[in-house]
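In the two assemblies presented below, chain A is common to both, partnered first by chain B and then by chain C.
Up next, the complex of A and B:
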């Protein structure tokens, strides 16, 4: 630009209004997190006395160590670290299981000439109306009878059937041009090869999107882990925090610092997943080369 | 390389639609055959049956000595180029070309050698590590060609490969494909709806309409001796003029005008076909055309008008200055084709 226009743009009322709304909204979301952060920096006694305040204490490292490595309960295995690992296993297994199963189901529905394929799809789809909570008792009974209580597969496998993933992958596969399938057939790629060599790489962005949703969903599971895991070393973060925050017995104080620290740690992985995969998302949307 | 034999091949879709009525023809080794026809005429179904992408409802298909009706596309030793190229978008050009070989468990060094050979042939050397999305339409077309030739198939199949290209590139690729096929000497079946492509590329043309084969012949035969009124009106731009006429006393007339002598056929109504370029302006000519519109085409002029009430077009060279109005013309020798009025078939 060669012309020298005034650098200062005039503030328009609508701009001010838009930004105010956004700033208020952002503050509304961030303040609880900041409160959480503040409470992790002070000792539990002060938290008990004053509640959240503006004071930044010096107990951050202490609370962190307690959160990650202090164990309580009977067996003494449910350290924060252990719970974090459990949660990660659940989240990853849950997301991966749903993606793999959903992709394979969608592959069968879209690419194979089966009788009643459409009917099968809609039956799968209607299971969206039957969330886990509706069938939790029979599910529990099955897992219990199979002896899968307090195991990771007991935690993950009953949850991985996914109408959502099947639906999204079905829609995506249907948008892949027919000629690609035919070209692959002529190139001698059988069903398995086509799936692995062509469909999976083409679905990358879809897989990333599903992974974001499903990982967060799995990470945040509360009811199911609560029922399936009774051993303390199988606890997930989300389930374990409550245990700690509530433990006010006799003269012991509730461990605000530790539980809030754990809450912060529990927020982190989903945030990281979203932040990391978001770039994939954008890449997939702009570099559409189908 | 192989001869392809179709005997009584037909296609009936599950909904009862007869896409291809029983058809038989041979394609000799190394010949370039073009299937041409309007959309929905069954030419694509025919090609897809040869490829093995559609089941053959009845009849036998042989490629070389083998009956291939029940073979998978991959086992038929064919290669196909699709209209939208169907390149694998996530693979580099190199991988796209080599994918078929890789699936056939061919050694890596051999694949590399063949890919290099194909890319050299198609001037793709600079693009081997690019993805299809980074290529232009013509380059993608070449990659699709590369994918076909790298396998040394017995038979090339082309499904309207040029219709996604712009006109200029289309002309260029047309020549390239034809030259490549000549050089490799591979039998080829090419489907198009564009009669110019058919005329320019084919050794033999198969004209299809509504599931029927209307005519099989060299471009020259198809153009000059169309077997039916459909072929006459489909091949050639502008198409052949078709007018209602009669034969009486060995003379072919349009209205009162005698356009030809014909002693072979009984008297009665006929359809008279005359190519627009077979009508020449001639001050002494007996035919009078009422010219209503002149299209300037540069090298030629296309006149639209009527002859005895029948609409008609005339193709004259640029040397003939013509204005709307009455134009005297005469016909070239043997310019008149006669077709049965009801059957539409050529009366030879």
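Up next, the complex of A and C:
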């Protein structure tokens, strides 16, 4: 350690260093997406020749209109707007379904004396051992047999069982003081009334936290929609992204403006949710994964 | 079990039925199906199947392609895990320390959590575009002729970089909340005992973060194995060819493209066993952590 620099000066230097590291980190995260944005503002011909640059053009709204309303493919049904709606349905359905099922199961496990409670717990727990990726083929076959290909319930229902949500609510219910249940029982509330009038309102913050995690998770699904949906009007934004990226290859004038705009539209809603509801999101993430 | 308050007999069963039915149909049935198919050889045209015992498994271990994918998966997982954990830890320590702009930094470092892996892959393709990709240009400046999709190691490099970019936010959030939960009294005591900031970090902060680190280690391994599917698929543009691929991607390619149901199922079963082992380790660690605190 150098002794001739004053502590004050050393402190300043370390503050500068801290901020530099954080600024470099923030730039590392954000610059790639700013690059996408820049490419949507210039004409495709320029993009094709020079790629990303510092030039800001005037094509932004043009590319936005193209991304939202222009369709390609065979049926011509996969406009950005259609994909956006499908993504929303998947994200919201996923989140709502997981929360409802998770709360119901957690309520049954925590508040009832039941012969099969441990068994039910283990049945739910073992789903953690079977990620979709290791059982894709047989899962696909079953959904096909049930005639659920290219449907919203085929997209949502098979993925809706959730050990994460169940354990999250189980943990929370266990932290609620027992006196509350007793008081409710003295007041004559049955199990259904207690659940709807007391437990659900008490869980609001938890529900919000879980909702954000699961909405982002559902919105960002890729493998499952890729297999289950072949009709273009069923594509979600994330599902359609590969086609979009592939359309950048091998054509005479790749539509970088449109495809990058679609990528941005796919990024924006979940990012906004995470940024605006940051404290709930962090709570949901750090408390559910443990 | 702490409590059991309502004595209703049918209601709890009714509450559990939807979840359990869905699990039965969409988790157990496919898993058992995969286990069964892994012992059979399917006719590619759908004319029946023959029982072949463990032949699907033994032939996997003789396939050079499987060995290559396994080797790649191990190195990929190690690199992604180590890099994203250490970079995120650095950011978290700094974000915990600064007084000004802490919230802004936190937001800027975590929002990428919400970006879907395949979209991250698409961004990577642009960064590494052969003729004008900014990173391709940068590497060319240093004499490295980067060729995404052509050179095996270059493609692997791009996959690692994209996967790390996508994983830093989760690790950052967990490390930061771990750091913030260290009691002020502990920090102050460390301040008195140890003047050097790096000494304080290694002697006090780092051990206190160890439980978070163990937990994240498992999470990152799982992420590298499974959640990177979208990145791999977009980077190789659906054409595996000679490109590097992970074991999970190989299940998909062999089963869906190659129509090798038996081989693909055997691969699935191997991965299920792997996940089982990791979950057991994870829960042991969680248990131990409860004893610490």
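Annotations for the structure displayed:
In this section, the second predicted complex is superposed on the first by the 254 of 290 C-alpha atoms of A that agree within 3 Å, B and C clash if a C-alpha of one lies under 4 Å from a C-alpha of the other, contacts with A are read in each partner's own complex, and residues count from 1 in each chain.
The definition used in the following text is that contacts are C-beta pairs under 8 Å (C-beta built on N, C-alpha and C of every residue); 3 or more make two chains touch, one makes a residue touch a chain.
Computed from a prediction, not measured in an experiment: that's the story for all the values here.
Shared-chain residue A:177: touches chain B; no touch with chain C.
The partner that reaches more residues of chain A, of the two candidates chain B and chain C, is C. Residue contacts after overlaying the shared chain place A:185 against chain B and chain C alike.
In the superposition on chain A, A:147 makes contact with neither chain B nor chain C.
When the shared chain is aligned, chain C comes close enough to touch A:273, but chain B does not. In the superposition on chain A, contact of A:30 is made with chain C only, not with chain B.
In the overlay built on the shared chain, the residue A:51 is in contact with chain C alone; chain B does not reach it.
Within chain A, the residues touched by chain B in the first complex and by chain C in the second are 182, 185, 289-290. Residues 51-53, 72-74, 78-80, 82-91, 99-100, 103-104, 131-133, 147 of chain B are the ones that touch chain A when the two sit in their complex.
Within the complex formed with chain A, the residues of chain C that make contact are 1-8, 11-13, 15-16, 18-20, 22-23, 25-27, 29-31, 33-34, 37, 87, 90-91, 94-95, 97-98, 100-101, 105-119, 121-123, 125-127, 129, 131-134, 165, 168-170, 173-174, 177, 196-197, 215, 219, 222, 225-226, 229-230, 233-234, 237-238, 248, 251-252, 255-256, 261, 264-265, 268, 271-272, 275-276, 279, 286. Chain A meets chain B in the complex at residues 177, 179-180, 182-189, 193, 197-198, 201-202, 204, 287, 289-290. Residues 1, 14-15, 18-19, 21-22, 25-26, 28-30, 32-33, 35-36, 39, 49-52, 101-102, 104-105, 107-114, 116-117, 120, 123-124, 126-131, 133-139, 141-143, 157-161, 166, 174, 178, 181-182, 185, 190-192, 194, 216, 219-220, 222-223, 226-227, 238, 241-242, 244-246, 248-249, 259-260, 263, 266-267, 270-271, 273-275, 278, 282, 285-286, 289-290 of chain A touch chain C in their complex.
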